[in-house]
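Labels run A, B, C and D following the written order; every chain starts at residue 1.
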């Protein structure tokens, strides 16, 4: 399994608090966690600042799953790169969308809705409950996962109804949020997972790392031929039961 | 629209607290609220203690929507009556299932799962958030509805994934719950709504009453022929565009 | 109910066959059918050739449902108009997407997928089967509707899994197609219905007209406030059961 | 992976045509095919005629997936065994339901609907189209699979909307059918697959065998604790980001 962890890599270079939590950048931190938990995976990283944001056709084509964290620079991603990501997902590449990347271009293109939500940066405690205990992404994950302090993300979250809903969060300020949502688009699988505010060390949490590892395994799938608009020319190759009995 | 409100009518006769809140029984209280909010509706009531629980074939056949509250006596409902309710729902009758009726026989028969959940009778404050603001059941309903004190119902709620998820609740004790869930089964529409513990006057709450009225309007539908197992004998009545242009 | 029927209006002006079937244009023909079947509706029309394609902010803002037929000129629709349609749908406007408008800009923006499919313009007979007999869009519609000759649209149809699947078509050439699909996006309801090739008079068919009328009624809904990204500032207005009992 | 293939084993003992096609019984034939295609699987069989139909608690508890074919003797399955199967599925056991087993007790208990459909035993040719090309059950399966002659199963198929729809069939007589349907119930995964009439050798077809092998792999999952109704007693084990950074 080949995993590509993409990071915006902006807060880490500007904000001392973030650099202290993630000295090598959030993308490198997440990549290291995945290497530990999914030993069979070949995990690489890419960032906004690289040519084509590190998402040239070959890089994307070689990935089974793309993990995406972005926030303040979401709109700096080139439209053609966002569109390339969308096409790769439709062709079967998995996509794991983290936290404020609900507003990233690829996710919004794939959802079709605004992907807006309510938020509050305060002292909320977040509890992440599993609502689908048999789901592979929930395997080995305690319910709830408790985050002592985390940015509040609250409903309404303007997304299409998820194809599978795995986690719902409770915030001590009173809100709720669909914090773990699966979508299938084309041949691709998409998982949105809301934890991950840059100024708290959520990606150090062992259970959050477990969710990421599970999500990557769930989302990985072989590519299939993209569905193209085409004139139909199939011809049935008949099969007669008499021939084989 | 013809609505039949069914009440177990047991707590009201045994528990002074409940009688004080609902002097005429929960079913009569809910029926009165619906009469006020859905003037076009013909709203009747029935209870466990009546012959066939007030759910003889004619009574059910004449209902567009059945509202169901039960708790302690859920298992006292006769199997053949529960099965009759199931068949009517499949044929198009709406069903609004309230609070502890998640364990009622008709709901469990229709869901196929255990319908179990976590619960705690304590001092929790419940906040009921709308997650689908365009849904007809959420129309005119503030988000959140705030209940100062209510029994906690928490995930995992063992139901099939709802066809439409309208409300999610936050409890001050930390839990979350899918508190407003739509299901379509056969030609029938089912709405499960969790508020309604017997010892607090939730059904006096104007916004809760608004949800009930919306739910009844949403669930009402004309009956259709039940799907029967049958040998196919259709014959196409051809239609040629030339004939009409 | 205010309905706006939008037609590309290109084939009608170029192709004698189409003009003979729809002398006033497909949009006027569909509008007239809706006026007959939904008497309470105020039905207007708009076309590609008008300023802003007849879809200025006021026109769209005043519509409860937009019906859209397009084909050869799908890409001539201005991006900002397509985006405006998308926003109105998210805010609650219904959208009925017909036939080759599976490739229209608004539908593709809302779906996020390619919306591609297989096709064949030949002598196929199409049979449109109801798979959800209780659905309001199927009310009064025979199953199957038989079209003696129609363009084949076949799977794979690259759309997100529909929130509700109403019709599936059988083609005599051997293919199948999900020909009636409901989607909910934001507060809006979208219905895709595949019949409607321009060179056969499908929109003269009484049962096809019945589907259009049902779809318009199903998709119409009041606008709700668009979900915006915003800092949360709610404060609970407590409700105490004691106050009302 | 441990697979248990359950066969009713009645037609095989009474009907010379069936015995000729499946000399060792349909269950043994299917088991042999699975052994060939899923080498890592431990595949066993059980039949109606065995004590507890071969489905004692230990046998079921030891299975990751149960494959079920039944027809004429569906109602001879003991209610307590059907209920045991239901509970095991809710706890995580996969279930693959074949052909006329749409009327089997376990499937009907899990669905909650009648599971009725239209049928015709005639000379129809069935074409099974993939509508979800990225689905693991469709991997390596040609689209369409062509069956020269097969019993017609047609819509309306009275099931809850499938959580994932993989295959739709076209019959030369004109009907359509959702022939490959995934459901998630509790922690279990259920796949219904309609091919398999006893008098034609469908389970000799290599592509049908491929679907069965894919389905078994898709449905297998570790057991999880059944969701029980219980008083909530969780206590959060706080996690503070500072502790690890």
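Convention: a contact is a pair of C-beta atoms (placed from the backbone, for glycine too) under 8 Å apart; a residue touches a chain by one contact, two chains touch by 3 or more.
Not measured: the values here are computed from a predicted model.
Both copies, chain A and chain D, contribute mostly matching positions to the interface they share, with over half of the numbers common to the two. Across the two candidate interfaces, B-C and A-B, the one carrying more C-beta contacts is B-C.
Chain centres computed from CA atoms place A at the largest separation from chain B.
Measuring from the averaged C-alpha position of chain B to that of chain C gives a distance of 31 Å. Put simply, the C-alpha centre of chain A and that of chain B have 36 angstrom between them. Shown for chain A are the residues that touch two or more other chains, namely 127, 132-133, 144, 154, 156-157, 161, 163-164, 174-175, 184, 186, 227, 234, 236.
Remark: chain D residues 86, 90, 103, 109-114, 116-120, 152, 154, 156-158, 160-161, 163, 173-175, 183-186, 226-232, 234, 236 touch chain B in the complex.
By the touch criterion stated above, chain C contacts chain B in their complex at residues 20-21, 92, 125, 127, 132-134, 136, 139, 144-149, 163-164, 184, 186-189, 200-202, 204-205, 221-222, 224-225, 227, 234, 236-242, 244-245.
Considering their complex, residues 127, 129-133, 143-144, 154-157, 161, 164-165, 168-172, 174-176, 178 of chain A touch chain B.
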